[in-house]
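Shared between the two complexes below is subunit A, which pairs with subunit B and subunit C, respectively.
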Partner chain A sequence: MKELVIISGKGGTGKTTVTACFAYLAKDKVLADCDVDAADLHILVHPKILHEEEFRGGLKAVIDSDKCVKCGTCREICRFGAISEGFTVTQLSCEGCGVCFHVCPEQAISLEQALNGRWFVSVSRFGPLVHAALFPGEENSGKLVALVRNQAKVLARQQDKPLILVDGAPGVGCPVISSVTGSDHVVIVTEPTLSGLHDMDRAMQLVKGFRIPASVIINKWDINAEITQQIEELAARSGVKVLGRIPYDPQVIAALVQRRCVVENGPSPAATGIREIWQNLETDLSMEAGQ
Partner chain B sequence: MIISVASGKGGTGKTTIATSLAAVLGSKAQLLDCDVEEPNCHILMTPVLQTSESVTVPVPIVDMDKCTLCGKCGEVCRFSAIVVIGDQVLTFPEMCHGCGGCSLLCPERAIREGSRELGVRETGFAGPVDFVQGRLRIGEAMSPPLIRAVKEKIEPGKIAILDAPPGASCPVMNTVMGSDFIILVTEPTPFGLHDLQIAVEAISHLQIPHGVILNRSDVGDAEVEKFCEQQGIPLLAKIRHSREIAEGYAKGNLLVTSAPEYIRLFLQLFERIRGLIGIARSDLKEALS
Partner chain C sequence: MNVVSLEEEVRLALQKVIDPETSLSVMRMDLIHNIEVTPDGSVSLVFRPSSPMCPMAYSLGNSIKKAVESVRGTSSVEIHVENFNGAAHLESLLRSCERADRKRED
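Up next is the complex of A and B:
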């Protein structure tokens, strides 16, 4: 079983669009949406939820005002500024470390499991999908990402699927690290802007640090042919393969507005580009599997 | 005054808006790039950076001469960053949140604190604009303390403009908390709408006045505008898709440089925001009196 993760560094370069197209083109696979704080893959693949569970990622301190004598010990030791002057816990600031619980001389503080989100196993137009919704503003996205990936693996094993397609998050922090760690191959979708180049470089460094084979896709490459070339040169210097270029194509947004993938909608410049890229990638994946 | 620029979905134009707003406000403005995972304001603002400091988080160092292997540290740590196995104490600094629990609660006082670098905080000037950015070290997972370090540099006398990371989880909340106004930038597509809804929900209990800027307003459908109308969220501005702006952005040009006709729009945007903050404050006063 191969786990392929699609990330981008910079947001909005076309991760989800590309993932959904791959999902349409790949024969036998499980899908996983690991962009858990702004999951969008479901918009294109129309899942029907079969199974739903709560996600409890961490603890939150709760102060019992009847027992609290306002001595201030907790306020003093809390490094996250999570205890207000009125001795209530600011939920957004509390890391759930529990130090206040240990030091409170009145035992007025308890730790409660916080409900951070939900996760789902669904059937979609393009096969099984594991996805999640971190509650808006919540933390522990890395843990939820790990959970979604694990569930996708369980499903792939049960149903004997050779491939897991993972839609990742933007950035290079917690959820992205959690998405790529231990995966088989990472695809970085970028765009020919200086920001796209800068952010892809950081994403590439991250993936190289984990020694995971990586390749790059340049979306909307014709917006700036010169930067496209710079991206290709940077990739070559870093030993990362460029799988191909996708041209700017209004058909991509036209398909998105219909909640479909551009490759479903008959021939268009972007669809042709993505099909070629998928063929390249499939060959690379089967070669890596043979090694 | 603190104005955050956030979005939910990535790539909708947060940095484009934040940089042009800062540029038109000139010496009154301070631009703080809180998207520490992928900071991009510097590409458009080309600041001259004058300071660079490392931002760290404390992590445990165990003195094995004092340690009695009692296991208290492992019991206390909620992040699996320290554990006693056999006659060893293993620490996993990359898991540590720096809460200080293990060193504080060790009965033998055998744990002192070292540090792990999260990234750097840099300051300088982009023309007349005060500039601050954070850059997360590659491989580091924990961005909120670095974001808070960037925000420590907010100058109270200035109009601080905070460029937030995409999404709607803790890094975004750490950025926008304490703002006087939040600009939500989105695009008129099903993705843009869905992620805007999440962002609106995430900030709803902060009770910070907010409004939407619709970028590439003519490319998709009308659903975002409908949503704003239904929710009573002010639509602050619409920016049409233009090849010129996109090409300028690719090369690192500000929107107001590629399309100077937008300078007026950004000045009006600021006045509008100032008005909305005033209304929110007087509403609050009324509610309190």
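Up next is the complex of A and C:
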């Protein structure tokens, strides 16, 4: 079983659009949407939820008003301003660090498991999908990503699927690290802008740190040919293969508006580019499996 | 207790070993494979941490061993570790725990 993770460094480069196209093109796979802070793969793959569970990954402080003597120690020490003047905990601000619990002289504060989000096992038009939604302002997305990836693996083993396609999170933080660790191959989708170049570099360094084979896709490459060249040079210097370029194509937007992938909508410059990239990637994955 | 009931009890005990990262049991995470029970109460199983670098493997391995040992009718527990970079080390630690426990009993 192979686990292919698609990340981007910078957000908004077309990571989920490319993942959905790969999901359409790949034959036998399980999908995992690990961008749990802003999950959106479901918009394109139209899942029907079969199983749903709560995710409780963190703690929240709760003040017992009967025991509280309003001494103010907790308010003074809380770095997140989560304790109000009336000595109640503002749930959106509380990070669950537990400092208030430890300093309260009256032992009036307890730490309780917080409901941070929900996760789902679904069937989608492109195959089984494990996905999740972290509630607004909630933390511990790395834990939820680990859960989603694990359940995708369990599903792939149960259904004898040889491939897991993971839509990762943008950036290089906890959810991204949780998305890529122990995977077989990482694809970094970037765009020819200065921030795209900069964040691709950071994503490459992260993946290199975990010694995971990686490759790069340049989306909308023709909006700035000069930076596209810089991306290709940087990738070459870092020993990372550029799988291909996808041109800017209004057909991509037209397909997204229909909640479809561009590769489903007949020939177009972007669809051709993505199909070629998928063929290259499939060849690379087979070669890596043989090594 | 017969072999089938003992295996069932072992599975139930393992449902209570929770991975702190996902809050799911090691059984639901599919980390336990090939549970085998003999008539004399020997239990063997394969523990496959979720990744070769799993930072919780040592702690989980210990919890798995203790959970199985706590089942009435179990005479010994053997854990084989797979898909983990420190598999041999973890296996030897789990075996040495058993020796230490026996020493304390003596």
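Here is the rule we use: the second predicted complex is superposed on the first by the 273 of 291 C-alpha atoms of A that agree within 3 Å, B and C clash if a C-alpha of one lies under 4 Å from a C-alpha of the other, contacts with A are read in each partner's own complex, and residues count from 1 in each chain.
Criterion: a contact is a pair of C-beta atoms (placed from the backbone, for glycine too) under 8 Å apart; a residue touches a chain by one contact, two chains touch by 3 or more.
Quick caveat, the model's predicted, so the values are computed rather than measured.
A.B. asks: After lining both complexes up on subunit A, report clash or fit for subunit B versus subunit C.
C.D. replies: fit
A.B. asks: For the superposed three-chain arrangement, provide the angle subunit B-subunit A-subunit C between C-alpha centres, rounded in steps of 10 degrees.
C.D. replies: About 120 degrees, rounded to the nearest 10.
A.B. asks: In the overlay, work out which of subunit B or subunit C sits against more residues of subunit A.
C.D. replies: Per-residue touch count on subunit A favours B.
A.B. asks: Taking the superposition as given, does A:177 touch the first partner, subunit B, the second, subunit C, both, or neither?
C.D. replies: A:177: touches subunit B, not subunit C.
A.B. asks: Check the residue A:168 against both partner chains and state whether it touches subunit B (first), subunit C (second), both, or neither.
C.D. replies: Neither: A:168 stays clear of subunit B and subunit C.
A.B. asks: Thinking of the overlay built on chain A, is A:57 touched by subunit B (first), by subunit C (second), by both, or by neither?
C.D. replies: So A:57 only meets subunit C here.
A.B. asks: Could you tell me if A:150 is touching subunit B, subunit C, both of them or neither one (first, second, both, neither)?
C.D. replies: Touch partner of A:150: subunit C, not subunit B.
A.B. asks: Check the residue A:213 against both partner chains and state whether it touches subunit B (first), subunit C (second), both, or neither.
C.D. replies: A:213 sits against neither subunit B nor subunit C.
A.B. asks: Between subunit B and subunit C, what is the tightest CA to CA spacing in Å in the combined model?
C.D. replies: For subunit B and subunit C in the superposition, the minimum C-alpha gap reads 9 Å.
A.B. asks: For subunit A, give the residues common to its interface with subunit B and its interface with subunit C.
C.D. replies: The overlap between the subunit B and subunit C interfaces on subunit A is empty, containing no residue.
A.B. asks: Contact residues on subunit B for subunit A in the complex?
C.D. replies: Contact set of subunit B toward subunit A: 7-12, 15, 35-38, 40, 43, 76, 78-79, 97-101, 104-105, 136, 138-143, 165-174, 177, 189-191, 194-195, 198-199, 201-205, 219-221, 246-247, 249-252.
A.B. asks: In their complex, what parts of subunit A are in touch with subunit C?
C.D. replies: On the subunit A side, the touching residues are 55-57, 143, 146-147, 150, 153-154, 157, 181-182.
A.B. asks: In the complex of these two chains, what residues of subunit A are touching subunit B?
C.D. replies: 8-13, 16, 35-38, 40, 43, 58-59, 77, 79-80, 92, 95-99, 102-103, 134, 136-139, 141-142, 169-178, 192-195, 198-199, 202, 205-206, 209, 223-224, 227, 250, 253, 256-257, 259
A.B. asks: So in the complex, which bits of subunit C are touching subunit A?
C.D. replies: It comes out as residues 21-24, 28-30, 50-53.
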